[in-house]
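Structure in structure tokens, see below.
Read from first to last, the chains carry the letters A, B, C and D; within each, the first residue is number 1.
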């Protein structure tokens, strides 16, 4: 536990870092991954875990996400995706589905959403999984598995937003949404992340999609530095 | 093939009945219903009394059916549920160490 | 020597800034004087007129920029004409006679012509050392730095090509002495 | 293996001297993003850090760079970044976070002309106020301004020491003149360099309160991985580090963040006087422009003019007491700066209306020449 550092950004999930009896840090909006990169590079013995939301990680923090994944910096990024900016009152964000209603897309969202597992895989993550909040035990197992791996790991957790997003779109209570997950989610491990469908109404493909190995950034830095110091 | 009579139940009912307890911090509950709706053994049910916030917290009506899977604990968005093995078992665990 | 202001002008890529750094290092580290080197940085790094300047002094240097150069070394025609206007009276001007056509120049200025490019090509067989040939001539003519200090700074600046550059420097020194015999002062 | 402290003499650039100063101070982490005229610092760090067991990372932007530095500092490593004004504009968000979470870190800003992209390759001192007020909210910060290549080295070490001592980000506010020019740099032997490290907790983890200040208003700092299991947040927090949104929490925190600098100002501020004892005209200048001013003072003194130079070395906190002393006999105070008037406001706050305060601004990308400066001084005084 002394090696764990839990880092969060801003949003509904932002306060998550405060729930751990571990070293933890609550950054500004979008910057959790950049902070975690600093932590990991400065002290590679530490195990950073970033917990944040879809808006934080993929809109304002999107650049940090793709570059940390590209570098393959060792960290686990857990994204709680509720399809909107919940904490600020339910505005549309980078994962808001086509035509969905939010307070800043009152006539239906015309933007195309990110498929987060696809972004993560394309950016170079070595482990990519998606579960819904209902898959609590499978999610726990994926987290355990990801923590054993070295590199940039990404797990998306589809989560209800009963007070805002689900209400605006008339999906019912949190319980209704969770029941919907049970009905429409399918587990398809090693599906091509590009094809890992995510449709709130019809089908959510869950599972572990990517589990691969490649050299990790701080290991490469250390190797290079060791080589240079011997000169 | 073993006949049904020959098989030993994996979880003997009588042992099971004393194994787990579910502790609910009722005042943290916001009544979402996840715990009792998704309990695979139908251990939990919505209670009929209000908590201090005006929600109906869950109660373990069939605790003898609980297999300690912890799904209710994991699903609770408010950290209001805690599933644990009963004390006898806990003692044994400590002794193991 | 109170304060000697030196300007080197040429085209980006000719080693103008590097030459100024070598002079500065020779003066401040190896001759034990004070020196400041500055350069004007533009967005282009190759092919446009550029200048680098050095101030050498016995006393600490306050104002770090060149006001009226006492010595100017020119490696290109453009640079020569662009940077010659604010020379001090009796300034020393050293030009690479292969690359610069000395036109009108202020009265009182002493002009020295050094065939550095030809020497680099024909004697040293490497056009890249043209600037070091000019540094040799500069050292011989200006006496702003000692040859020993320059040799040390050149050796530090080109650790892999030390021998070639030191030969270029020596050739330049000789060209410098020759140029002094032929020099003219514009009246 | 290369040495961290390259003891000896060399003829080098201000930017390089800042990098070497950082290494000498114990910096072992650098995160940055290329920008003129500060890039040489990143380049030097990219070359030097891996050779002495440190780490360099080029991030995707300045926001990420500054944030990674905060993370690295919390991971227990002395850390810095270097940029120019446009980069600081992006970093300001994280500078606020660093102030709020009391993070020791150093930022070198090699200033260029602005606003916006401005004059990338020209000299300016127009980020004086940005350094102080760049992020939102009430806070104090430390900023030192070097006037020579040697000071780029020395003040970078001092910036680290002050930053570690007071758990606050410290700026080295250089200008392009000092950043790019070359001069002799003397690096002393390693054991002659004074190094200050952050205070560490002396209590066991269960008693540790990460934001409980000691008498000097600075809390001891645990780092990640030491077993203290603490939490830090950019939200208003109590001594435990947990968010508390009430009046008392803000009142206990924000004044302390300011006061730990204000009340310790005598330990932070520094300034240099030249011929100020009998000066009837007090010239105030700093950074690259101070070298013009020094020459102007010498020339004017040679002509019998009673003029002296006050050079603030720390601009934040501003050396008020030192200025009062230097201006004791002055009938005119003249501020020359490479901007359209920034530090002059601070000078006016100190001098009040006792004697006239004149501003000589310059925004064209080069410093005044000594003659131009003297002409401007005469014009204002007569």
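Remarks
In this section, contacts are C-beta pairs under 8 Å (C-beta built on N, C-alpha and C of every residue); 3 or more make two chains touch, one makes a residue touch a chain.
A quick note: this is a predicted structure, and the numbers were derived from the prediction, not measured.
Path length between subunit A and subunit C in the chain contact graph, taken as the least number of steps between touching chains: 2. Between the chains A-D lie more C-beta contact pairs than between any other two chains. Centre-to-centre, using mean CA coordinates, subunit C is 37 Å away from subunit D.
Between subunit B and subunit D the centroid-to-centroid distance comes to 59 Å (mean Cα coordinates, whole Å). Averaging C-alpha coordinates per chain places the centre of subunit A 30 Å away from that of subunit B. Under the contact definition stated at the top, not a single residue of subunit A touches 2 or more other chains.
Taken as a graph of touching chains, this assembly forms an open line, each chain in contact only with its neighbours along the path. Contacts from subunit B toward subunit A in the complex involve residues 32-34, 37-38, 69-71, 74-75, 77, 79. Against subunit D, in their complex, subunit C makes its touches with residues 21, 24-25, 28-29, 34-39, 41-43, 61-65, 67, 153. Contact residues of subunit D toward subunit A in the complex are 1-2, 28-29, 31, 49-55, 57, 59-61, 63-65, 67-77, 79, 93-94, 96-97, 101, 224-235, 242-243. Only residues 1-3, 5, 7, 15, 17-18, 20-28, 30-31, 34-43, 45-46, 63-64, 67, 218, 221, 224-225, 228-231 of subunit A touch subunit D when the two sit together in their complex. The touching residues of subunit D, counted against subunit C in their complex, run 9-11, 36-37, 120-121, 177, 180-184, 288, 291-292, 294-295, 298, 366-367, 369-370.
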